[in-house]
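When the chains are written out, they are named A, B, C and D in that same order, and each has its own residue count from 1.
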């Protein structure tokens, strides 16, 4: 419940960002006439950054960027993970082994360094960041889905369908897919927080778009401008707390979904 | 007698199923090792034996779920099809009822969908609802309409098994293979399901092959009994023959340990269920055979045959002593 | 039996390393058509200079030749020269390695030790007071990016209260010797270690808690209780050893994230280790450096995973016998 | 005559669940003499296992147990935790069902048996115990997964005997086993029980199994006892309609009345959260009348040492 409320709040922030702050406020020029690193006041609810931009605007628009990257990356990761997981689980023989090897490989590759390399080579726009994160984030989910498919294959009702004369197509469409769908959904809601954290890490390391800043990028600015030693809390606290909040929101919702879909976990 | 003897519905001849061991370097598992068996139209045949004797593998082979590595299976006079489409058509006629009804139905499907699944797989859309209703009502789920939209978890174990049987009956098969159909059910429900199976055979002429370790079940519903040991049928005959006057020492031992059967002295065989990767030479039962072990076989001068000659099924029993 | 299993794991690891090698080459030479474009000031170079540089960085010849040379050099520990400092990449890395080993080593040990303990206790008494406090705490830690945690430490414990230095590994102004040098070094480690430890504590304790909850359903715990064992012994001897098994693999896979965490943590505290080197390589688009760092962290994760696999073989007799 | 070893009075066991309290045992009274074997029969959900586990208070957190359980003159339900732990296994040990998951997979069986001995400072020897149950001494270094189902159950029995208890609670000890192995284990239990003068509560859903081991029988339905009496006589001529049905479910081979006539009971066992009013068996009972639905009936003597809870008796 808390998760859902928080989630709604952040989605609202992302959607309403243009209402509260104009996109142009994100440009460097927007802060030219404003005081730099100014504490919050009636005009700048969350103060200004080192080049005079309105931190409130940055945080509102940050919700948009962070959510966009987080969700798009999740879609990419879920699609890759589900397809590979389904194939690895349903196929037999060498196809399954190759899939498993690819999965193992991506599972042990250190994720952040890999994403850094990719972002360095491919570019830094939000969409590319999302593709990079999604493209490297799917291995765990694919492993889970494979395990579930393997277990579904052994279920009595799959054997019953086979004994009734069902084709592979019938079994996949009628029994395997409906069986893994809830897992895919629950898994997706747990990938979102991971992707958002990953994005904020990459942005913090300088791999983000300066003028459509995510929360991680805002934190990078705070770090680089010396806001920490200057006690400019309004600059770094709000984006940081937002990241924590959104990660918690998706984690809580994901856990709740998992509990709904997997009755075995019911009394956790 | 002028009655024409109809050919058997199912004829298994020299059937073998061998598969590779899970572990590398392991010996091949000879799960079914040369089985001859016929099932007549309309009869209930019980295939009994300990776990690991190959009875379930044989049942799966009969349904075309497990390819044979040797021998043949004939159904209604022609051998089992090997092609995908041939097998699909065959599976319309031979249906399986499982041990665990809860696991064998998809918890996400309604009872209607579960029962109709066979019709949908074989694209028989006509009168679907009427046929589903008829199958449910044959299986004692009445009025059938009341069950259409319910889900498996709302039903009791016995009702679920009825749904599984209805799902098989909806295709109007000529053979029903039931693998331990009541062993996971509560005692008080067991009789009801057995009554249902017996009724299908008596009222509708259904041929039923029931796989079980439970001799009481055979006594309750079977016309004939086949006893299986280590991949081979060691004794076969009418239920009265086998259960009242067993010939094979293995059948005798099996019967003697049925609780409440206090007419016989218990002959508890030592050791665990035998291992199908190491089938003994000669009579495969001799290492556990009370007759051989007590030295009686020696006295009768058949011990060398027990260790050296694989007995064949003659006069319904495969034993050197009985066939002496 | 056990040696054969360890051997098999080692072979798996070698295969993975080979895949990393190929992948690494693929990333840097195939995805990127013109690595030289990233070289600083490349537009001002003359043709002769270009050719010289291309040769120096091993970028000449066909892709296949480059690959063979790349593998050969890598196997000899030659990762080329940094675009930025033009020093050999290996020396750059070796200079900074001890700092990172110290930071990541201490943090990993602390995270695993504390995280597992918290998870065990929370799971054992689910819904109890400890669980009600520790689990939300773990979840909050899980949701906090470690660099934000580091920034908070730096701003409050470092800058505002002045309890700890805010960056570096030593105080360059004071020339400490002997024991005070060690104290100085330790003081510089406190905040980065705390950051990295707390940053991953949450996920470790949550993993262990879930694993405990799964184990608590097992029948052998009822057996242990029926035997008249104290609750503490039931937990210590029966629940924990079994609950550790799934956690070990998850922790091994999660190790890659600690390496990522080291990058941001070192960046926040200007701690001169491999993480800070990574950050600088990003800023300078220093490809040879980046390539070596990526290679290096992959190797670290793979080695850690083998280690975990071996540990698991010793913890779980079922794996040992190959069941 | 000495006092009975175990006296249970008006035992209620109620589990906590997300749907509300689940009354699994609803007022059971019984007694067990030293050296006697009581067969406790009932279907799944009848409360037989809950009752047995409650004897040693081996129930999940949040479960309430009321009534009294007196074991060797001491009230188990009133014991302090320390005393309860001392009583567990030393006075009453349990052989659990399945044996598949009741042994800890990561410890050698020697260690698991030794642990029981050490906890109660007993002086049994692991190898001797294993030999008594027919497992060679050298197998004590095995892990559970290296043993077959029957062997695991033997190990479980050896472990139960480790501290020389007076009472053995055997909860479906042969259910997961194959016919021949089941016979082996039943014989082992019967031998041990005779040699050691153990008292035993043997729980099962298969009434026929009890004929070889039990002196007395108690049949449970919906959390209550419906019939109790001498085993042999009861198996041959049960009086309560439920026991009759249960006994008939496993036919006597050779008995012509059951040949090609499986006997069953209409309906299903009741949900413990919605037990029918009056006699809980009345909806499935072939001889029930309107009176049965209205009147709750207690166990009463129908002949010496034989009690049943049925209005018609």
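Note that a contact is a pair of C-beta atoms (placed from the backbone, for glycine too) under 8 Å apart; a residue touches a chain by one contact, two chains touch by 3 or more.
Fair warning: this is a prediction, and the values are worked out from it, not measured in the lab.
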For subunit B and subunit D, chains touching each: none
Between subunit B and subunit C, the fewest steps along chains that touch one another: 2
Chain pair, A-C or C-D, that carries the greater number of C-beta contacts: A-C
Centroid distance [mean C-alpha coordinates] between subunit C and subunit A, Å: 21
Whole-Å separation of chain centres (CA-atom averages), subunit A against subunit D: 53
Chain-level touch network, classified as line, ring, star, complete or other: ring
All chain pairs that touch each other: A-B, A-C, B-D, C-D
Contact set on subunit B toward subunit A in their complex: 63, 65, 87-92, 95-96, 98, 100, 102-106, 108, 117-118, 121-122, 164, 167-168, 171
In the complex, subunit B residues that touch subunit D: 50-51, 156-159, 186-195, 198, 213, 215-216, 219-221, 239, 243-244, 253-255, 257-263, 266, 268-270, 272-273
Complex interface listing, subunit D residues touching subunit B: 43-44, 148, 150-151, 178-184, 186-187, 205-212, 235, 242, 245-246, 248-254, 258-266, 268-269, 284
Complex interface listing, subunit C residues touching subunit A: 16, 19-20, 23, 27-28, 31-32, 126, 139-140, 142-145, 147-148, 151-152, 154-155, 158-160, 166, 210, 213, 253, 256-257, 259-261, 263-264, 267-268, 278-279, 282-283, 285, 287, 290-291, 293-294, 297-298, 300-302, 305
Residue ranges of subunit A in contact with subunit B within the complex: 155-157, 159-167, 170, 174-175, 178-179
